[in-house]
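See below for the structure under consideration.
For reference, chains read A, B, C and D in written order, and residue numbers begin at 1 within each chain.
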């Protein structure tokens, strides 16, 4: 059981019909993707051909920031509002989508790790 | 001239037809709103009636995180993609909207400062 | 192998004598602790006795923000400087320490999960 | 009066002997520096000689993340602990110091804007 699952299991108020397992997985993937994208942007900076990877760096930095915010929003249940969660997830899905589009231009394996992670994201 | 304006003025590549003044204002408001909402959540925690303000705290924390991510996305111009910016701004507008809805329930003056800030936001 | 380990394994430049396994574990714990502390602050807000938990909320919010920044700094290797990493880790250790101190005042099980997580942190 | 000052002025509990004006200035500079460094890292990516600026990018990204966390910590007053604030500020000062060291290598004017901002930082 991940810490996200454990925190959901011990949440003191009612979570309604929430699929806790799916929610915990989404939360974990958001934080994991934030880490992977931060590391991917940094790895690009150390590539010989960094000049060809600047769009990948930028897309990864955006994706890290948005996944981070999304993981935090999903981790909160007090005063839940579906509209805010939906808008945040929509931004997250868009960021991950562009990250996956950008990654194939980076032939190094770390980009594939990042893309693989990203496509599993909510 | 704010630092955000100055950074836009000295950006080394073409910014197209961007209204730099409006963009700088949006960037500044995002970071300013992130600060205000962080402080508003904390101020609620020190109110006597904190138990009645938990939704305000949560909404402010979400708004801070989303405005922070949005301010960062808007500060980047390399490899710009309108779709990602739009989706991020949409989440930001939604977060600010719920923050303004929640603030009137908080009768203290700091909430009004927060709401005032929020409504000026992009 | 976690994604953090995979990113370290495929990093395109020299990592020197870095213990990659230990570094990956630290990175993962920072992001994990950021999630747990965000969720713990939120869980406190839904407790009946939230008024007695405001210091726990604040400490968790600080810890989440500092662990988040630390996890990002540790995920970057380009232009590494030991002094910056050390100062960041020192702030992180301090934040986690106060989080563990605060958690016992919260009798709910989620606080224990958070404290358990925190003590494993770098 | 900035929003940070206004939030301090309306904070519902006792702030002790805090110099509110100095604190508000520090908070504003942290968020401002986070913005400037985010923009500076991005501007470097659009420079012709990006390959010579990768250390500047990395240092700016770290500085943005640490200033962001510091600005949030300084914006909270509930359950204040001087040790945590001190450790966080120490990391912030270190991050800004390395940012200033790195910036002169970047001859473009935006780096000077960033360095100017950074040296005013707490």
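By definition in this document, a residue touches a chain if its C-beta (ideal position, glycine included) is under 8 Å from a C-beta of that chain, and two chains touch if they have at least 3 such contacts.
Here the structure is a predicted model, which means the values were calculated and not measured.
Engineer: Which chain is most remote from chain A in terms of Cα centres?
Structural biologist: Ranked by distance of C-alpha centres from chain A, the top chain is D.
Engineer: Equivalent interface to C-D, which of B-C, A-B or A-D, with over half of contact pairs matching by residue number?
Structural biologist: Matching pair: A-B.
Engineer: With centres defined as the mean C-alpha position, give me the chain B-chain C separation in Å.
Structural biologist: 25
Engineer: If you average the Cα atoms of chain A and of chain B to get two centres, how far apart are those centres in Å?
Structural biologist: Distance between chain centres, rounded to whole Å: 21 Å.
Engineer: Between chain B and chain D, what distance separates the C-alpha centroids? Give it in angstrom.
Structural biologist: Computed value for the inter-centroid distance: 17 Å.
Engineer: For chain D, what residues touch not just one other chain but two or more?
Structural biologist: Residues 42, 45-46, 54, 57-58, 61, 68, 72, 76, 78 of chain D each touch two or more of the other chains.
Engineer: Considering only which chains touch which, label the overall pattern as line, ring, star, complete or other.
Structural biologist: Contact map by chain: complete.
Engineer: Mind listing the chain C positions that touch chain B in their complex?
Structural biologist: 41-42, 45-46, 50-51, 54, 57-58, 61
Engineer: Help me check something: in the complex, which residues belonging to chain A touch chain C?
Structural biologist: Touching chain C: residues 3-4, 6-8, 10-13, 27-28, 31-32, 34-36, 38-40, 42-43, 45-48, 64, 68, 71-72, 75-79, 108-110, 113-114, 117 of chain A.
Engineer: Of all residues in chain B, which touch chain A in the complex?
Structural biologist: For this pair, the touching residues of chain B are 54-55, 57-59, 61-62, 65-66, 68-69, 72-73, 76, 78-79, 81, 83-84, 87-88, 90-91, 93-95, 98, 102.
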